[in-house]
Structures are given as C-alpha cells and as structure tokens.
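Each remark here refers to the structure printed beneath this line.
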Amino acid sequence: MKKTELRNMLEQVASGALSIDDAVLKLKAAPFNDLGFAKTDTHRAIRQGVAEVIYGEGKTPEQIEHIASDLLANGQKTVIITRLNAEKAAEIKKNIDIVYYEIARIGVAGEIPEPDTKGCIVIATGGTSDIQVAEEAATTALLLGNRVTRLYDIGVSGIHRLLSFKEELMSARVVVAAAGMEGALASVIGGLVDCPVIAVPTSVGYGASFGGITALLSMLNSCASGVSVVNIDNGFGAGYLASMINRMGE
Amino acid sequence: MKKTELRNMLEQVASGALSIDDAVLKLKAAPFNDLGFAKTDTHRAIRQGVAEVIYGEGKTPEQIEHIASDLLANGQKTVIITRLNAEKAAEIKKNIDIVYYEIARIGVAGEIPEPDTKGCIVIATGGTSDIQVAEEAATTALLLGNRVTRLYDIGVSGIHRLLSFKEELMSARVVVAAAGMEGALASVIGGLVDCPVIAVPTSVGYGASFGGITALLSMLNSCASGVSVVNIDNGFGAGYLASMINRMGE
Amino acid sequence: MKKTELRNMLEQVASGALSIDDAVLKLKAAPFNDLGFAKTDTHRAIRQGVAEVIYGEGKTPEQIEHIASDLLANGQKTVIITRLNAEKAAEIKKNIDIVYYEIARIGVAGEIPEPDTKGCIVIATGGTSDIQVAEEAATTALLLGNRVTRLYDIGVSGIHRLLSFKEELMSARVVVAAAGMEGALASVIGGLVDCPVIAVPTSVGYGASFGGITALLSMLNSCASGVSVVNIDNGFGAGYLASMINRMGE
Amino acid sequence: MKKTELRNMLEQVASGALSIDDAVLKLKAAPFNDLGFAKTDTHRAIRQGVAEVIYGEGKTPEQIEHIASDLLANGQKTVIITRLNAEKAAEIKKNIDIVYYEIARIGVAGEIPEPDTKGCIVIATGGTSDIQVAEEAATTALLLGNRVTRLYDIGVSGIHRLLSFKEELMSARVVVAAAGMEGALASVIGGLVDCPVIAVPTSVGYGASFGGITALLSMLNSCASGVSVVNIDNGFGAGYLASMINRMGE
Amino acid sequence: MKKTELRNMLEQVASGALSIDDAVLKLKAAPFNDLGFAKTDTHRAIRQGVAEVIYGEGKTPEQIEHIASDLLANGQKTVIITRLNAEKAAEIKKNIDIVYYEIARIGVAGEIPEPDTKGCIVIATGGTSDIQVAEEAATTALLLGNRVTRLYDIGVSGIHRLLSFKEELMSARVVVAAAGMEGALASVIGGLVDCPVIAVPTSVGYGASFGGITALLSMLNSCASGVSVVNIDNGFGAGYLASMINRMGE
Amino acid sequence: MKKTELRNMLEQVASGALSIDDAVLKLKAAPFNDLGFAKTDTHRAIRQGVAEVIYGEGKTPEQIEHIASDLLANGQKTVIITRLNAEKAAEIKKNIDIVYYEIARIGVAGEIPEPDTKGCIVIATGGTSDIQVAEEAATTALLLGNRVTRLYDIGVSGIHRLLSFKEELMSARVVVAAAGMEGALASVIGGLVDCPVIAVPTSVGYGASFGGITALLSMLNSCASGVSVVNIDNGFGAGYLASMINRMGE
Amino acid sequence: MKKTELRNMLEQVASGALSIDDAVLKLKAAPFNDLGFAKTDTHRAIRQGVAEVIYGEGKTPEQIEHIASDLLANGQKTVIITRLNAEKAAEIKKNIDIVYYEIARIGVAGEIPEPDTKGCIVIATGGTSDIQVAEEAATTALLLGNRVTRLYDIGVSGIHRLLSFKEELMSARVVVAAAGMEGALASVIGGLVDCPVIAVPTSVGYGASFGGITALLSMLNSCASGVSVVNIDNGFGAGYLASMINRMGE
Amino acid sequence: MKKTELRNMLEQVASGALSIDDAVLKLKAAPFNDLGFAKTDTHRAIRQGVAEVIYGEGKTPEQIEHIASDLLANGQKTVIITRLNAEKAAEIKKNIDIVYYEIARIGVAGEIPEPDTKGCIVIATGGTSDIQVAEEAATTALLLGNRVTRLYDIGVSGIHRLLSFKEELMSARVVVAAAGMEGALASVIGGLVDCPVIAVPTSVGYGASFGGITALLSMLNSCASGVSVVNIDNGFGAGYLASMINRMGE
C-alpha cells in the first residue's frame, strides 16, 4: 500500500465512505510488499530494463517456461535463467524463444540489452578450468547491461601473464576474480588495483583443494584490501554484485 | 617513475646528457611501484586525503610511532592505526598526537577528515556483542570521509526491530552487516535493500558457533543477491571496501 | 509383565499353584518390555490409532511387505513406511494395498486417520527445493492425525513473503522450519512465534553449504528461544516430534 | 498498537478529531511490535508472570542493573539474568535485590514464581560434570514456574542407574538430557519415554570430544524419535523450550 | 636366517669352508624376515592352521587366484579373501574351489576350520543396516576358528531389546559392537560387560552421521572402560582382533 | 538381588512369612545392579583385589577423600584416583594415606598390589613427550597387578631404536603404543608383534598435529591387524583394557 | 626485452632513429616475460631437452593435440601430457604419434630422453594400491631424464620388507614416498636415509582415511627431518620436484 | 658395528680366538644402528661438522645441558637447540657457553660454522609477523653452513615488492617461503624461480586463517611446480631440508 493509497483510504474513512471496521481489516490485510520496502516481482517490473532471474537448477523445463512466460507477459523485458543445462534449454526452446549460453549455462528470454555502462567489469580466472564459473559471471554482467573484459588463465604461478594485463586490470571499475586450487589470484589482483575485487572460489582442483574450500579460505584471508568473497562456484552472484557496484553513481 | 619522468630521462638520452649505460641502469633500478600500477606509500601520498593504514597488532608502540611519523613527514594527511589496544595507544600518545577510538581499537594521527560523500554507509549488527567489530568498520569508513549510519542490535530473531529501520536501510548506498551466531542478518538485509551488502561474520557466540565459522558459512550461503563476505571479525576490511564502493561515481 | 500379572503370579506362589523354581524362571525370563517402560510393538498396538513406522531405506520390498503385513495382522491400524522410493512402492503395491506419497517418499498401509487435533502444525520452507523434506514432515504429521498448514518458499531473503503469513505462523501450536543454504528461516520464525520451532536443516545448496552442515550450524546457533534442531533432511523426525508436541494436553 | 487503539484512532479520523496527515504519520510511526506479531518487552509485560530474560555475558554489572530496573519498573514481575558469574552477581546485589544460583550462573530479580504446572520436566545428566549446564536448564524451567525433577549422573555406561529411574522418566512431560563425551544419554532416554526429549550436548570431555562436537553430532543422529537438539552448553535454551512444551494445553 | 643357520655359517667360517668376505656378504644380505621377528608368509605357514588373508578390493580375480593358489601350494590350510564382491567371487569360483559369504563379502579357499575356542565372541549391531559390517567381523572370527554369537538389531533406542540379551553379553569373552548413526551401542554394552569391547563404527546413517564419523567419535569418547575402536566399517579388523583376544590363554 | 536371595524371598511368600504386597514392593525396588549384570561398586568389592577407580578431574579434594574413604570402608582394597594433579594430591594426603605418581597424575589409597600376571604388558612411546600419557597407562596396569615393561622414545623416525627392542616387543601379551605427531608407532609395532596393540594417540605435536587428531586418524588407519584405538591422551583407558586382555585365560 | 635489446633501443633513441614517444610506448608495452625472469613457453624452448607439460584433465583431445603440435613445431623436443585417460590417448594417437603409459596416465609426444643423471630417484609405495600415483611420479621423473628405482609395496606394517631394501634407499639422491591410509612410510624412510624425501599422500583407504587427508596430515607431522609434502595424489608434482633436486649440482 | 669390526670379529672366529657361541651372541646383540643404515648420534659424529639437533620444547634446562654436554664430549662440533625460549636459554648459559638467537628461538653450543656453500638459500616471508618462523629456518640453515639471503615482508598483495627482488630469487638454489593468511607467496615465487621451493605455512592471521590451516591448504594446492610443504610453523624443518638440497652435488 503506497502512501497515496493510504491517504485515499483514510479520506474515505473521514468521509464515511469506508466503515471503520473495513478500514481496520484493510490495514491488517495490506501485504508488506505494498509498503514499498521490498524487491518483489511487481516492484521490479516497474523499474524497466532490470532483468528478472530464475534459478534453473531443480526446476523442470515446464516450470521454467511457465515462470518465464508469466514474467514476459507482465512486462518484464529480459528474463535470465541460471544453472540451466543444455538438455533443459533445448526442451524450453521448443516453446519459448531463448538464447542459450552453453559454457555459462545461462538462458535468456526477451530482449538482450546492449552494454550501456561507462565503466567496465573485468572477469579474471586463474586457469582454463575456472572459465565455466567465470562465464556465468560474465554473461550475468553482460545481460545486466555491463561492459565486460575477460582475462582468462592469468594465474599467479606465472605472474608475468597477469602483469601483462595490468592496464586492463587498472582501468576496471570492478574485478571478478575466479580461481580454484590455492585461490591466490584475488590477493594479487587486489594488490594491483584500486577498485573492489569480488573473489569467486571455484571447485577446480583435486586432493587438498577440497572442492573449493581451500580457495575459499585463501580468498577470505586475502591480505589485500577491497576484496570480498562469494560462495564457491557462485558466478551468478559475483556477476550480479559486480553489476550493482559498476552501476553505482549512474 | 611517472610518465613525465620517463620522458625527461629519454630526452636526456636523446640529448646526450645521460649516457646509455646510465639509462639502462636507471630503468632497471626503477622500482615497479614507479610504473604506476601499484598502490604504494608514495603513490598514495600523491592522492591527497586518502588515509594510509598501519596494522597495529604485533607491532611495538615504537615501531608504530616510527612508521606514523614517517608517513606524516612525507605529506600523508591522515594515518589510521588499526587493531591498536588501549595500552599501546596510551604509550604512543606520549610522543605523537593521536585520537583513539577505544571500542573500534583504532588510532588516528594527522587530520580527521569531514564526511564528504553524498551517499551513506549503513553499519548494522545483529546483537550488542558485535558492536566492537562494527565500530572498526564504522570508524574506518568515517576516517575515509564517508557518512555513516549505525543500526546496532537489530538481529533477525526480532524481525520487527530490523523492519522499523527499513528507511535507513533502503536509503543506504552500501550496507555492512556484522553478525555472529547464525549470521542471518546479512540475508535478511540483502533481501530488503538494492545495494551491495558486505557481510562480516563475528566471533560472537558459543558452542557450535565455532568462533565465527557458523556465521561465515551462513553468510556465504546467503540466498540474497548482492551479498559478499569478508574474514571473521574483519571490520576494517568491510569499512574499507564499503568506502571504496560508496565513492564509486565521484 | 504388568503389576496385576506380577500379583497374580505371586498369589499362585502363595497358594502353591506355582512352584518356586518356576516362579524364579518366570521372573528372570520376563522381558523388560513387559515392565511397562518401553515403546514396543505390542505396547503400541494397545494404544489404538498410533501408527507404527518402518524405515524403508535399505529394506527390500519383500522385507517391508512382511513387516507391514505382520503389524496389520496384529491389530495395527496404520503402518507408515518412510524413505520409500517409487520403484519399491510400485513393487509393494502388487501385494499390499498402500497409498504412496511420492514427494514425501512415504507409503501407508491400513487406515489413513482423519486430522483430529485442535491445534495446527505449520510446516514452512525457505525455498522450493526444501519441499521434499517438508513433505516428509507434513505427511508424517498428517498420518499421525494432525492438522497441518504448509507455508512453502517463504525464505528470509524476501522477508515480506514470510511476514505476509504471520497470522498462520502465529496461530500455530508448533512450527517445523525446513531450510537449506544459510538456514535463517528458523531464527526469523522463532522470533515471530511463541510456540516451539523444530528446525530441519536440508541438504539443499551448493559450495559452502556442505550438504546441509551450514544450515545445521546456523539453526543450532539460533538466537531465538524455543528453537531446537533435528538431523539434516530428517523430515520424519520433525513431523513425529511436532505431532508429539501438538498432542500435549490432549 | 493494539486493535482497540487502532480503532480509536480511526474513530478520531472519522469524527475529524484527528487530521488525515496526522493519522498517516501515526500509522507509519507505529512500531511493528505494536502490530501484535512479535514478542517485545511491552508485549511481554502485558502477559503477567512471564519472565523477561537478560543474557548476562558481555554486559557490565551497570548495564545489567539498568536493564533489570527498567523492566521491573515497567511492571515485569520476574527478571532472569543468565550467564552471570559470581563477581558480577555480587556487584549487582549491592544495588538490586537479586537471588543468585551459583551453579546455574543465573540471577533473578523480582518475584520467584511457585511451580504451577501439572506436568513435570525431568532434567537428566550423563555425569557429574554436566551438572552446571543441567542446572542452567533446571533453574530456567523453575523460574518459568515449572515443576522440575533432577536425575543427575545416570550416564549410559552404567545402564542400571538410568533404568532405576524409569518411573521418574516415564512420568515426565518433557525431558532435558544433558551429556558430554559420547552423548548417548539422549538416545537411551528417547527410547524409554513417550514425550519430547531436548538434548543438550555439553562441552565436557577431552581429546576427541572436541568441546562438545561429538556429543552434538551423536545427539543429532539419535535413532530414537522425539529427540531434538540445542546448541552446546545451551542449558537456558533447553529449559526455556522445555517450559514452552510443558505448558502446552494449559 | 634362523639361529641354527647362523651357527652353521659361523662353523663354516671357523673351519675355513667359508671365507670371511663371503660371510660378511651373507650377513649383510640376510633378509630381516629371516631373523624371526616378523610375520611373513613362510613364517605363518609354519604355524599350521592360521589363515592367511588377502585384501580383495582393487585386485583382479586373476591376481587373487594367483596369490591364493600360491598360498595353498605352500601348505596354507585356509585362505581368507576379504572385500570380495559377488562378481569377482563368481569369476574366481570357475578356477578355484571357494566358499563365498555374500553378506560378509568374504571368500574362503581351503579348509574351513571348526570352532575350537572355549570362549565365545559376541557380535552385536545397533540396527539391521549394520549387519554387513558385522558379518564381515563374524565370518572372519568364525574362519579363525572362534565360536561366535550374533546379536543383531539391539540398538540403544530400545534398551529393553539389548537388556533381554544380557546373559549372552555377559558370558562373552570379547564383544564386537558395530553401530552407525550415534554409535551409542559400544558404551552401553561396555557398561554391562566385564570383557574387552571392540567398537566398529559403520557408515550407516545420513545427514550429520557423516559416513560414520559421528559413530567413530562417539565410540572414542565412550565413558565405559574396556572399549577400543577400529576404523569405520572395518569388520575384518574387529573380527581378527576379537579372535586374537579370544585365543589369549590358550 | 542374587538368585539365592530371590529364592529366599519367594520361599517366604510361599510360607506366608512375606505378604504378597511386600513382595511386589521388594521386587520393584530391587535395584537393577542387584540382578548381577552390571559392574557396580558393591559388585566389584566382592571380587577382592580389583581396584575401584575415581576420575579426579573436576572433583574437589574433599569429594575425592569422601568417595575414597567410603570405598575403603566398604572393603575395597585399592582405590585408584586418575587425572589428579599435584596440588589436589597434596591436599588429600593431609587426610588420607595415598601414594602419588606425579608423571602419571595418579594417586592410590589402600594396598598396592604386587604384579601377579604371567604375561607382560609393554608400554611404548614414540618420543619423550608422550611419556606422561604412557605413565598413566603403565601405572594403571601396574596398580591392576600386571607386569609392565616400558619402552619409551622408540619412534619410527629412527627405526633401529625400535627394532633393537624386538625381543621385548615380541614377548609381550599386549602392547600399548602411545604416540603423537604422525602416530606411526602403532602400525610399525602392529606389524612386528602377534598380540593385540592398543594405540593411544597423544596431543603431542604442533601445527597440523591438531592436538592429537592426526595421530588418532593415523592409528585408526593402521594397515596392521590387531590394532585398536582409544581416545586422545586416554592412558588410563589403554592401561585398563591392556590389563583386561592380559588377564584373559587366568 | 633482453638487456641487449634495451641497449639497442636506447642507442636508437640517442641516434634519433627512434622518437621519444615511440620509446615510451615500447617500454610500457614490453611484456614482463621478455625481462628474463619467468618460465614461459619460448623461454623453455630455448633450453633444449626440458620437457613441456600439458595438464590433460578437462581438456579435449583436440585441445591437447593443438597445444602439443604447437610446442613440437616450436622446437620442443618432448611434450608430456599428464592426467590423460586411455580414451583420450587413443583419440589423440589417431593424429599425433604419442607413447602412452596407462598406469601413470601419461602420454608423451616427441623424443623420449635417455636417463642421464648420475644420481637415482627411488619411488616407494606403502601398498599396491598406491602404484598409480607412484607411476605418475616415476614416469614424470624418467621423462625428465632421471634414473629411477621403484620399490613398491614396502609399507610399514611389515617393516622387514622395507628394511630389506635399505641399500637401494640409502643410495638414493631423492626418495618419493607415496602412501595412503596412515601414511607412515614417509617417516620411516625419512629416518633411514640422508637425502630429501618427497611425501605424496594418496587417496587410498576407506573410512577415516578421508580420501587421503589422514595420510596428508600424518606426513606433515613426520618427526623425521628432510621430509616435505605435496598435494594428495600429486604424483606429477613429486616426480617433477624430485627431478629438480636430483639434477642439483649438474 | 662397522664393517671393519665385523671383519675383525669374523677373523677371530676363523682363528679360534672367539668361540662360535660368543660370536652368535655378539651378532645378535649388535645394535642395528651399527649396521650402517641409520642416522645415529655416533654415525653423525663421524661425519665431522654436521650439527646435532636437540628439540628444546618440553625439555628442562638440565636435560638440555646434559644432552648437549654429552654430544660435545663425544666429539660433536656444533650442537643446535631449537624451540628454546629466552628463560631456558639464560638458565643454560650459566653452565654451558651457548649463543642464543632470540627471534629464531635457537641456541648453539660449540663451534658456529662459516657458510661454505657455493649456492645460496633465500628465505622469504609474506609479512613481518612471519619473521619468527623464517628466522628459525634461516638460523638453522646458517648453522648448517649455508649462505642465506633474507627477503622479508614481500607478500603478494603488493606484487611489486616481490618483483623488485627477482634477481635474488632467481639466483637462489633453494627458496624457503614462509607465509600465513592466504599463503600465496609460495605459488608466486614457485612461478618465478626454477629451483625447489619449500613452503612453510605460519600460524599468522585471524578468523578464517585457522592458525595456519588456510596457508597450509593453499600451499599444498600451489599450481606452481617444484613446491613442497612442511608443517605449520616448522621453520627448522624447512631450514634443514633447504640445507640438504643446497648441499646436493657437493
């Protein structure tokens, strides 16, 4: 219930058009999401251009189609579907027109926005095996309208590779650093740049990498300032947050 | 070595004022931090107003005095000393004029800047025991010139307390959420606001809180988008990153 | 051996109808479950209407059929089979008339009781992926004769969803809160309601959710009073305990 | 804001005694705890006799005095202070009249209620070292007006001790089972009784007891139905929940 | 090199039949297993009747056949093959005459000894799912010639079941207690009997049973004296040690 | 209640000397420890010479004096007090005549038995720092009347030291192997001897020894047969079990 | 950029053949790997005979073919492909001439060097199941031109086996010790030899071996000097480091 | 027993000067350390100049004095005492002439050797807090006669600092890299140099550094070849191994 609605209702009470009992009922029933403080579907639909996101894992193609169609019908311009495997994507394509990014495991229905940000998000990875997670971040950021630079396979065990991209790194407004194994990439980049670094531990590695735990712990202990961490393999979360930060000051 | 210095040197080579051998030597000796891609002491001093930070733990009062004096002498306007206990602070005060924030365990030498940011950083805590960590974040952000709002003791087990501050939360440009025990504060705030949330797990709790591990894991698994995490009790890191984000677009 | 039986036997000894040697033998042989302090099959059958439960995992369809038939033959009205997958259920159906709840993975032979409790158990979940565990709890509670209200997908990252069900939550006599990832649902509900909250961590999530450990730890550290925790994914245990509490005072 | 107050206010709007603008303001300012869905200080004070609880750890004697005095002044009859060590208790006693339970580390200001429950809570421990935690539970339950039976040092390695108290155990409405080391007490009791068992792992033990983790895990895996678990050493939580359950059906 | 061989060699040196250099060489080359302090194949073959054991996991049927044939050819009367799945057993049976115990996953070639011990080993399990591990222990003990009593499914959550077997338990010379989940069986039995109890944690359970870790920790923390623990699911180790102890004093 | 007592009572019932009501009462009141299946104080006192044990940690000198005096008064010949520090021992000595073994932290009241076993228990340690735990085991075994051989500081990193004691090791009836750090001692001894090996992980070490966890895990994974493990630093448990095994066949 | 190139460039500046602006540009653009301090492909190709290594896991046969062909075309004499399964190897063989070592899962394209080291690397394993990891180490070392001695299945539970190879062990310049389960092999060998021991924990074992963690921890705690550890199952890393050490002083 | 002694003894047998029985006895009694395959005190004393090491922790000053005096009396030139705190060192100095290195916590009795190695060991640390561990490594290496270069506080979050020492790093024969927190130093150095890197995790850090576990895991997962790891804070082990490697080829 927005302020104006509240005022209207009270005016009806003052004029006798609404009984007190009915007003009490209405006030109690007014859902909290009408009070304007929460990100709800409708709320989001109002601010055009912001993509709505469906977490695809554990949902059937039919469920995804249903939600996506609904959102599009309600005026949503872009619908992002994350953690969508190729089989489900193929299934959905039969009924809805979606673009599918295989490595990122992301599908998109509706408009694909043009990058319109001044600043650029750099997505860096330690090795080639981190690319799937990085692509989830990169594709998310792109679909939220950001300019993105990919710097893949610049891990710290060959520090010259990383240093040869110092210009790209230093001109970034946000960096997403995805790495498995010892996860040192975030620290080294954090020491080079002046902008926020979002560290994404990946489950890449074997033995004592413990499915990303080592990288996670390593990144949390980064001695560089400006580094924060998201969950293991959470490329979407990193891309979403990077976009949020990149759009600060718009 | 800045671009102009490099140019000057090369002009001297061109004019014969500098021998080739000497130029080779100079170029080899030029520290990497002169190449413009790293945050170093000198580098920072150039950008006036940005505070230099000394990690106080494990350093003697004499060491801290020495570093702080040096920095001030080199033109640094504000020197922040973190993890500084009251005893060391008292010792240092005998020789250097510092302001000491006891709860935050932060000392400051030099100028204390006026908040000059348009946006505001909200620092929230779950309970009263998280305040020490929150104050480290708040004081850091303040000393970096940010406007700060403190919302302490608004933990999720009494959700009405948190909701009564929804306006403050929703008008923030960044939120720092410090909580121990089950660390759910970050998720609930992350679901309410549209800005980045920096989650700081605190070591508050007992038994299966495991010195902050439970809060840390909980925050990493936040189902709200826009949440990232720093190390347990790392109030400084959260405040520093919050400032970095709050100043985006300046 | 009940008190009256004991008295009878002693009377036989007194009257000489039973030799002392035979009495010694009888007393030694009297199984402990006859002493009235243990929940045994026979014991349970006496109290009509209380369902006997078979843990289906690791048992063959034949074994389950055998036990269930036995129980029904011995006067058991309702036999619940938990952790029963669809294949086994189909196999069993060929020989015994069972009702199968696929999402809950529960089969029932015999009568399905009508809900007869005054109070109501609310089963809440954080997300849609927690529903399987929640259904195990809900179906268990229903089959034990409780009235049940389901509130699914009301996770804390969209707190307005949860709050819009505050009436249902506040009128509950017990709440079962099933959630994975950061498991904050139990704390938030625990802060809203005045009744016992049984928290069920689920193995839903990825990365640092560690198959439910994060949710488990989070729930154990709940700062809300009245919250206790059962094993990861233990929907049956939660439903059983909820029924036990809901029936207090009958 | 209670329903009657809301109605009064709306009547004033209807009669013109209150302007619409002021009504809007009032409604926005009305704290959420007035809406009737949350346990707040004021809310609790209304339901006489329910004790308000202060978590003493980390608070100074002055802070505790201040809060306790406030609560008493607002009509609170009993104020419980948990995790209160003997030094602080002695300090507080100088200014407020409190009763101090040393083993339980609990202080009480105001009236100490007489047990008035029909049912009885049994508090059991595995060994003598678990008694501190058990006393926290027992004292909490007593101060919330419950009848309490203590069965200490009846650990499972001498099963006859436990069995000799089967009557006390079987007549309980709720059992709190506190145990360290292997924590098997909860399972054995859970198999004997028909009522809810609240398991409290204690940090008693050495070596691979890991400060209570072993007992915690053991209790979570209890194969007995009706057992749920609270945090390590959380005697208060167990006592509070036990009281909640014991009072069901009043 | 046995004492007599050493003496012979020295006599040859004394008689000049062996040169000093050759004697030096021989003494250095003499394998340590000849010195009589190690359990080697040959060594074992001497003490007739003691079974030689082959760990079947990770070995091909051909490898197992080869080793078993060799041992039998060298005078070994009984050859036990552990961790042998049904497929491999069927394959081996084509070439060697073995008896296969399916639940225990043990195959035996050669003679199957008659139980000849005065004392009896009791093998107990908490539930029906622990039987596979228990059978590995029982079969191992039987094949080493021990008398064995099986007490399966006597878990502590129904303590009367366990107590009804107190005579069998109390007459045992060694007890093997196999249990998963909370693993309390070992403690309760350890408190009842006066003989050594070998606890075998099993990987039975789900959620926080962590594949047997909870049972393992629980058993290590047993407050009963006389309890020691072997690796998770190590039925063979328990059976072997039980036999060793049962045969003490023969 | 022993069989003869039971018979006597029943005879009284038969003769009318005891009323049926009184018999019912007596039978109900008869403590389970009288049924002959449990190790209780009285029970133990009957079998002369078996020492009763008091766990000293967490008990006051007064409590220990009280229990020890009681036991002695009831005919107990030897009372062992474990985990008794020097201060408490000195305090107790003022009132009771005890012998105190400082390194083992064990006190003894009453008779100290002469070793009377045919077989010998070997207590071995990896290093000198494991001696405290080893002495707890050795003293326990000695006070239970066993012959004991100590082989200290024979760790596996200097395998020749261990091998030079092969005769002592091979003539043992039981070996207790106490070791911290990598805990390999148990495996190497287990491969040398034919008797049971009780492995005691000690909390000796630093860094990744994790207070004995590494030694514990290492010992549980011993590839030698006949090895079982007790809790970290549990010298008493090892000595007690070793005595139990050493006395088999007496 | 090598020193001579730098000098040339500066001479061009001095002679006016290169403008200052172009020189600035060139200096900034000069990749760090040209500065001579990093191991890059080109760099390595210069030092003939050193094999280049491709990590095969997660790469398609096409990708591997492409990289290998490239390296061979650029003058690389030997190309090692690790973690290459048999299927991929077969696929690659269709297009490139490679030798495939199945147990080691290593493929080699180009020349296979003759062992040319004076010293010898000993590769030892505890059991037969560790051989796959050991072969990865042995093959790596061989392909880097080292002389290698294999001592497999000499685990510590039969110490005589290990000791019978003391000459081979003592003549080694480096030892690689691969073992799972309790991982004691490294300690025992470390105590026998005077050369560096590289310990490789393997994921061999079950239950509390935790996929190699126990062996890893055990090896890190080795009380023998000269032992260091690589990641679980990292045979390649051990072989590479062993070669590096074996070639010291060439 | 050395080869010559063995030969002498056999000559006595041949000449009849020694009876065969006595020879048998002597050969059996000859300690294994005389057979030449183990590093024993005497053995070491033969190779002059190699320092003998006493682990000081847990030993009294008297014990240390005793061992050190013994070693010096037996011809040992240098005796190193590690983990020796200042108090014990002062105590020992009263009786033996030792040099004490306070930061390294190492004392030395006897001659302090001059560095005589051609190659140089580089000891690097991430921060200033790692210096204590690094000094233990450096002092150990120095006392074993190595040339040592210290590069302290060159952590990866300011990569330019590390790179400015690339010449020192690249000219090393071995590098010891000591770092806490995220432990990335080892990886970055491992990628720069061509020699073995011994990584020493330190317990420096807070929160999720878990007393060095994070650094340990990070180092074990290093993606750079040639890196191996020792225990947390094991400076001595790293220095000893570094010396062993540095002296290869002498």
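As written, the chain order gives the labels A, B, C, D, E, F, G and H, with residue 1 at the start of each chain.
We adopt the following convention: contacts are C-beta pairs under 8 Å (C-beta built on N, C-alpha and C of every residue); 3 or more make two chains touch, one makes a residue touch a chain.
These numbers come from a predicted model, not from an experiment.
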{"item": "Given subunit G and subunit H, the chains that contact each of them", "value": "A, B, E, F"}
{"item": "Fitting subunit D to subunit F on CA atoms, where both chains share a sequence, rotation angle to nearest 5 degrees", "value": "90"}
{"item": "Chain pair repeating G-H, as identified from B-C, E-F or D-F when over half of the contact pairs by residue number coincide", "value": "E-F"}
{"item": "Between E-F and C-F, the pair joined by more C-beta contacts", "value": "E-F"}
{"item": "Chain centre separation (subunit A, subunit C; CA means) in Å", "value": "40"}
{"item": "Centre-of-Cα separation between subunit E and subunit D, whole angstrom", "value": "51"}
{"item": "Averaged-CA centre spacing for the pair subunit B and subunit A, given as whole angstrom", "value": "25"}
{"item": "Overlap residues in subunit B, where contacts from two or more other chains coincide", "value": "37-39, 158-159, 163, 191-192, 207-209, 213, 216, 220-221, 231-232"}
{"item": "Touch relationships between chains, expressed as pairs", "value": "A-B, A-C, A-D, A-G, A-H, B-C, B-D, B-G, B-H, C-D, C-E, C-F, D-E, D-F, E-F, E-G, E-H, F-G, F-H, G-H"}
{"item": "Touching residues (chain side subunit C, partner subunit B) in the complex", "value": "126-127, 155-159, 163, 181-184, 187-188, 190-192, 205, 207-210, 213-215, 217-224"}
{"item": "Touch list for subunit A against partner subunit G, complex", "value": "128-129, 158-161, 163-164, 206-209"}
{"item": "Complex interface listing, subunit H residues touching subunit F", "value": "31-33, 35, 37-40, 58-59, 201, 203, 212-213, 216, 231-234"}
{"item": "Subunit E to subunit H touching residues, read off their complex", "value": "3, 6-7, 10-11, 13-14, 16, 20, 23-24, 27-28"}
{"item": "Subunit G partner contacts - residues on subunit H that touch it in the complex", "value": "37-39, 53, 163, 166-167, 170, 173, 191-192, 194-196, 198, 216, 220-221, 225-232, 237, 240-241, 244-245, 248-250"}
